[in-house]
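Have a look at these structures, which come just after this line.
What follows is subunit A paired twice: with subunit B in the first complex and subunit C in the second.
Up next is the complex of A and B:
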């Protein structure tokens, strides 16, 4: 080993939190990535952007498997919905034409509020799904949108609703599986996103995504998810049921605002108290609902 | 392991450790403009361009840049031949301690390479993840807008 390399390794110990990494692999295809994952038996991790891994402190990891060369960076429009390859960066998604056209540019509205541009250049959409931090904005949005994911393990290909996958021990699942695609369904209506935070760069103290369809002046369907509660984004079925069949407008929003503190499940973490979250959830949700309703009606509300 | 990369326009073949950060590699190669601040991707002091996109060198594993183009501030200009962005930072008084300046300039370079007429709001969004503890950001925004004006006037080389 050269002196120069020796210096490098000393610096690695100083700079990196992942101190146990011994091998870095460039997977040539999905099968190779899965085979490597299996061989590491939980001590290997897949990366594309690598952002979360580089910030983590997983002392157990010995091998990194780079899947950025597997052709999983794409955004395709299909039947009014979107198919997003797992290694697509947030910036590439934000700038892609299909994403700009999906739901009137809703994804752009969300992603411009997620992290700083250099982090969006590195972070991948699949990484956001697999990491699924409780405070993150993207999981809340994907739950509201009814996103599905495709992933592959050694047993074969799987597809499922993200909302259901996140209720399972999904981190364990992805120790032996590779996420390949996120599928966003078409919706005849509009979605809006809102979060409470000091800036886009800060972690949300509370976030929400709302989708509404309106027919003959009444709400025909509703999708509402609240996240960073401090738990990961979840739908609010009681609120969705309440909204359907009602006439959107200030009267309905006032009714929602009154009910939210009593019905919403929030808690305390080091960022905010449960009492504070309970107090602000109503205004945040109604602001988001009103924005979605205005989008559907073209501002006539 | 050995990787090939293009660093500031020059082809390099370098030995890297599998878990080494790009920040560590670049500092080792003498790119001292790339500062270690937080080492968690939060402060922006180590921002470099990877295939023309600004990224945090502390959150990129060195093996990830195999076959890719890395640009640091040293690749834009130096004391003898500063880049117009560097000149704009001096002209606008946007440098105090200077620790954040290389990262700010790399982020600004990416912004102006895509949009040479940004609004102040767009500049603020671009630098939103780069922390400066001295200037209060106003003069940094002024400097980037000045560099954009120079670019529109054809004063960039």
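Up next is the complex of A and C:
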């Protein structure tokens, strides 16, 4: 099934933009994929869901290496966390039992708001990580969750925090590496996600993910990330620090709302101005925090 | 009619669409679904500059590229001014366009065209064409265009029909009725609103596409996705100086047009490439070209000033429209005219009117026909002003409309004053159920209760707003539609129409009209539309004309065929034709109870006695353009912290006369409303400070999906138009005029600020809220 889909995408891709493609490879294992990537010396690309390839205009690409046969489509629960294979589609993830059980179905809450169903059927979770568009929702969520990734290049296996990887020239890294797995850690608390868009299938004008732990009526830990600012999702350490030890509730949210406009780093692109992003970041974050807090307390806030 | 149509058998029923099954099963029905062996691919080189003179073009490298068949440009194609606007003759749009000009007037303008063996070669060839430009100062707004000493966009000497080329004015109107100054002086209350609509695009799912090829006799055939096959034939003949009899235009199924395919854009290019190479040529715009280089809605600023008496009776209306027609003046005059002609008659109680305006050239994409055709722009301002007036008078907005709207038996001087680029014709409205539409809609949405107490839930403020609109049904004295119906020997019928089904379902509706008159099920009518060689003339699918104009032609042809069939049956039954009845595929004598089937009638006429083909053609030219009416009610939720607006409910009630096919009529209304919601909330083309479009794709330019609109609740209110085919009027356009003002008025009800610049983006709404608060 994936092989057929892959070929379909290749045809579309070649017809649309990637006019330099000469060869299509169906990699049998990771080593083969890596040696092919290396052999192309930057003129080959890994094909998983193919959506971002279809949108790119890389006339320099000569070969596509399909990794759908590497056994990387899986979702596994492990110690309260989650391991997600790189070629798992967003739909498969959304519908998988381990994902539904992780953090009370938080991933479902997010993924139902990502793109449209036909795109989610094709897009892979690994693709979302490798492309990591600044406007995308998944990076914001993964940063908040403290996700790690595994990837392999000719030098061997690597593992690291996504938050740190995205601060490096990660696109260059993935020209010679294959992402294999995304690891989501366990959390004792709850997360919520919120985004502002112009239409249901629009990319975010601003998005955020917030996680809270609450003990004895006070916030014990906080993870907050804001994305599409228009930069890629990043944590807001000042806000996380401010929240910890406080009592969640309208008073705290009002305090946050007051502080956000002066603290938050936002900018202008053609979809929204920095002024607007600054004005709405507070309401977006506090609504998301309030929802996370309600999830922890069972709706008592 | 004497055939007892009240007992309707085919009309008023939701019959299966005649093309439904083949479309649903993916039969190859669209323009590019067929392969013509040996076809070249045509591509267009477009201008990177908003305004520039072409000093030289060197196509030698492109021509030398293996696989390139020809390159056309201003150096090797004769200069013939024409208009791309597919309208009736005499053409009201200026002849200000030539196929390949030595000047470009917007980013995306046509510079050259290539025909090559493959798309890749054609694209490669485009890159090899060397064009030397002298870049000229560009005019990127109406204000700049009208400023003293502004660069002149149309400085060529051979254009015809431009109102004032030296001042960049493509067209102008000035229609005074009564004494406007006196009117305002005598009014107890006056209000004024200025509303603005930006560039927006129709986004039909199927892009503009065409195949040009030659038949066995060497005649040029254009198989094209068009709304106007007969105008394509006439305009291509003019642009290429071809005898019209050498051209055949075939309109297959069309994947949406909304006015953008009332333009003859690709056909002359494909035809010129085919003629130069002697080979078939396929062409299609890509999505970015559809946005930039097909056509858009006319961006417009409309100022409306209303004067009313204390009791709410309108006494004076001034409407001023400033329209941006872009680089060429296609539909400039007629869209501008319709801003007033389709709106002002609705409030015919006001004796003093002044409608005036200009359509102005700019170095931006070309505006053209778009569903609503100026009325959409006009109603935005008019209905927002009416809402403001209601507030000032302390009157319910519904009551204000009830007090002022035109009624059956009434007229407006505007009908006579403004026509299609010239004077119109006097007309009395013969059917109008707008009062009932208003009452039914208000009740359905719970108007009285919701107006009294606007809801508030946290940051979300809720409000209800409404608007009304009318449109026309075809263009009086200009449109003409014709139909031919022939009876087959088995008693089935063939209906040939020039009318152009572009996805509206008009083939089905016209078949229903024929079936009704001929007393057969719709399945017994095979419809064919449209082919300039084989179907009779029709101006095409625009101006909400098909059901009314083409439908009346079908009605007349069907009546004639019916008469002829009854004559044959009379011979078989031995009774005078006028004593016979036709129903359920049979001719019956009520006196004797004897009957013959239409199959027997067809067989007899074809083979047995007094042999003849039972066939008739009829034409219809509308002497009137009966307006359909609609009332729109919506409930919105405004997020006061982010400016996001959600349309929670939308109720539309419409009077389209007798709906021939109620489901299709409802579909037209629903579709128009969804498009209107797009205008209100998201749709806007953005440009750089050099005139380059920044969001010419569906990733950045957002049209609403089913998730962005509530279930649009539509109610068709009964009325019967005496001049309509079996009581019908139009429905295609009237629905798009309502959402902009209704949503703006609902936002005002919810949060007390008026949104007068579309679309109402979160940013604009939040900014208005903050300014409103400061002001308040």
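Just so it is clear, the second predicted complex is superposed on the first by the 285 of 301 C-alpha atoms of A that agree within 3 Å, B and C clash if a C-alpha of one lies under 4 Å from a C-alpha of the other, contacts with A are read in each partner's own complex, and residues count from 1 in each chain.
Definition applied: a contact is a pair of C-beta atoms (placed from the backbone, for glycine too) under 8 Å apart; a residue touches a chain by one contact, two chains touch by 3 or more.
Note that this is a predicted model, so its numbers are computed, not measured.
Peer 1: Is A:19 in contact with subunit B, with subunit C, with both, or with neither (first, second, both, neither)?
Peer 2: Touch status of A:19: both partners.
Peer 1: Applying the document's definition of touch, where does A:280 land relative to subunit B and subunit C: first, second, both, or neither?
Peer 2: In the superposed model, A:280 contacts subunit C only, not subunit B.
Peer 1: In the superposed arrangement, which partner chain does A:259 touch: subunit B (first), subunit C (second), both, or neither?
Peer 2: neither
Peer 1: Once the structures are superposed on A, label A:272 by its partner contacts, choosing first (subunit B), second (subunit C), both or neither.
Peer 2: second
Peer 1: Once the structures are superposed on A, label A:201 by its partner contacts, choosing first (subunit B), second (subunit C), both or neither.
Peer 2: Once the two structures are laid over each other on A, A:201 reaches both partners.
Peer 1: Once chain A of both complexes is superposed, is A:117 in touch with subunit B (first), subunit C (second), both, or neither?
Peer 2: The first partner, subunit B, only.
Peer 1: Of the partners subunit B and subunit C, which touch A:173 in the superposed model: first, second, both, neither?
Peer 2: After superposing on A, A:173 lies clear of both subunit B and subunit C.
Peer 1: Under the stated touch criterion, which partner chain does A:30 make contact with: subunit B (first), subunit C (second), both, or neither?
Peer 2: In the superposition, A:30 contacts neither subunit B nor subunit C.
Peer 1: Applying the document's definition of touching, compare subunit B and subunit C: which contacts more of subunit A?
Peer 2: B
Peer 1: Considering only the contact definition stated at the top, list the common interface residues of subunit A for subunit B and subunit C.
Peer 2: 19, 116, 199-201.
Peer 1: What does subunit C use to touch subunit A in their complex?
Peer 2: The contact residues of subunit C facing subunit A are 120, 459, 639, 641-644, 681-682, 686, 694-695, 699-700, 702-705, 707-708, 761-763, 766-767.
Peer 1: Tell me, which parts of subunit A touch subunit B in their complex?
Peer 2: Contact set of subunit A toward subunit B: 2, 4-5, 7-9, 11-12, 14-16, 18-24, 26, 47, 50-51, 53-55, 63-64, 66, 68, 91, 112, 115-119, 121-122, 199-201.
Peer 1: Show me the residue ranges of subunit A that touch subunit C in the complex, using the header's touch definition.
Peer 2: Residues in contact with subunit C: 19, 116, 196, 198-203, 205, 270-273, 276, 279-280, 282-284.
Peer 1: Touching subunit A in the complex: which residues of subunit B?
Peer 2: 1, 15-21, 23-25, 27-28, 36, 39-41, 44, 47, 50, 53-56, 58-61, 63-64, 66, 107, 110-111, 125-126, 128-130
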